[in-house]
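Notes for the one structure printed next.
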Amino acid sequence: MTVLQGVLLVLVALGGTAVVLVRDPLRQSIVAGVFGLLLGLLFFAFQAPDVALSQIVVGSLALPSMIVLTLAKLARLQRPDE
Amino acid sequence: MSFLPYAVAAWLFLVGLYGIVTSRHLVHLIVCLTVVQSSSYVLLLAIGYLAGAQAPVFADIPPDTPIVDPVVQALTLTDVVVEATVSALLFGLALQAQKRFGTVNPDEIAAMKG
Amino acid sequence: MTMRSRRVLFLVAAAIFGFLFVWGLSGLPSFGDYRGPYGIVLGQIVMSERHTTEAVGATTFDYRGFDTMGEEYILFAAVMGLVILLRELRGERTEEEEEEEYPVHRRRREASDALRVLGLALVGPLVVLGIYIVVHGHITPGGGFQGGVILAAALILVSLAGRYPAMRRVRPIPLVELADAGGAAGFVLVGLGGLIAGSEFLYNFLPLGEPGTLLSSGMIPLLNISVGLEVAGAFVLLISEFLDQQFISGLGEE
Amino acid sequence: MNAWVLAAIVLVLGGIVPCLLVSLRGSAMEGLVALELGGVISALVFLLLAEGFQRQSFVDLALMLAVLSFVGALAFVRYVEREI
């Protein structure tokens, strides 16, 4: 294993833990974005550019926009209760 | 050290599962599920990795270069796509849960069902 | 169940699972010491047999083409499910007639001019980039899925940088649905071509061409394009369903 | 390992790790800025790695990341500006 892979693996493990431990969904989705970047870099270090590309596409665009739109709608649905 | 990738895969799975079990918000739960799923990418790619081999794209390397396994990479690609679609569906279900039960806290939803 | 007892239960289960997981993985060859035969064989034959410089693309769309078809239909079915779920939600919302509530909140602030110009200026390059990634799927990393999401992003950008009504104008839903369904059908039709050519389903029946050029690898570029269409359609549909949710009982926006 | 890969490691440790920490500790807005910076730095790391692996055709990834992280950030910004 190269040093690069080792460093990125440790960071991915830490990043995944961080994503789980942040409780507020909006801030969690931001941490999840950084985690997605780390995953993309790890896949590239594993010599898998295709998978890295998919991860970039999903992690930095598809997931964040879905999370944000869901949170916006949830906030709107929840407002009457307050 | 050479088992570190597998250890990371196991750790991501467990920590993601911990997040799901203790989650108090459906959106949080879905993001934790993506962490669990990322464990499977790490595991698959780690299995297919060959030390010193090149990425499986011959555009700029000679055809007889050793490459890492393209099969697991194709599997992982499928995995990533499925993750995106599953999360999309789950976000839709989270909206429905808010609509039907007035909450996105899994505990409260369970309590309402009695 | 209380949070505390749940944690304890999880820890017990996780310990057992972790043990089994590690036990199962201990049979794997150590990292970097790959010994699987398929990958090695594929690495040796993909250039001579399929004239494709992208071994992953060849695996996804040719050697494992049937699996990819299943994957495409997972995407298709999931988006259908989401559309049905959210359309039901929409029906409920309008019945409740909440028009008078929160007009201030609903009046969405417009994007600043700088943001709008930058966003709209990026739409063209994004479309070009998406098409590039789709049609070069058999030469360089990328392919139908990644390119399709970028194409969808170009349309979504219109709504993020501009205004929602503008988004509605540039995404004629029937056309998007047609792209989604047509892409999904295209995959099967290309697969049937193999049958017509007198071989099995998804047999690579087209001339293979010169490796590394745009018109090579037989049917793989065609499959990439159909997947690209499907994914682009699916993601536009998906995101616009979520976007529509924001404006369900919207006032005066349109 | 060559100088390019070494530079990439340094950039990951010195650039993306602080972004991760800020996204954890800071407010949502600070986290968003950290995510954006992380996207830019990751694009640079992709460039360095493509050079370090001697596979220049992989610079596509950096290009994609640069463009997509902007679009993704826009989604966040449009939400955050209304909710916070």
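The first chain written gets the first letter, and so on, giving A, B, C and D; residue counts start at 1 in each chain.
Simple rule for what comes next: a residue touches a chain if its C-beta (ideal position, glycine included) is under 8 Å from a C-beta of that chain, and two chains touch if they have at least 3 such contacts.
What you are looking at is a predicted structure, and each value in this text was computed from that prediction instead of being measured.
Here A-B and A-C are compared, and the pair linked by more C-beta contacts is A-B. Separating the CA-averaged centres of subunit A and subunit B is a span of 10 Å. Measuring from the averaged C-alpha position of subunit B to that of subunit C gives a distance of 15 Å.
Between subunit B and subunit D, the centres computed from C-alpha atoms are 20 Å apart.
Among the residues of subunit C, those touching two or more other chains are numbered 31-32, 54, 56, 105, 133, 140-142, 145-146, 150, 153, 156, 238, 242, 245. Within subunit D, contacts with two or more other chains are made by residues 53, 55, 57-58, 60-61, 64, 68, 71, 75, 78, 82. Each of residues 2, 4-5, 18, 46, 48-49, 51, 53-57, 59, 67-68, 73, 77, 81, 88, 91, 95, 99 in subunit B touches at least two other chains. Taken pairwise by the contact criterion, the protein chains are fully connected, each one touching every other.
Of all residues in subunit C, only 3, 6-7, 10, 14, 17-18, 21-22, 25, 28, 30-34, 36, 38-40, 42-44, 46-48, 53-56, 58-60, 64, 67-68, 71, 74-75, 78-79, 81-82, 85-86, 88-89, 92, 139-141, 145, 211-212, 238, 241-242, 245 touch subunit B in the complex they form. Against subunit D, in their complex, subunit C makes its touches with residues 105, 108-109, 111, 115, 119, 122, 125-126, 129, 133, 140-142, 146, 150, 153, 156-157, 160-161. Interface residues of subunit B, counted against subunit D in their complex, comprise 54-55, 57, 59-61. Only residues 53, 55-58 of subunit D touch subunit B when the two sit together in their complex. Those residues of subunit D lying in contact with subunit C across their complex are 57-58, 60-61, 63-64, 67-68, 70-71, 74-75, 78, 81-82.
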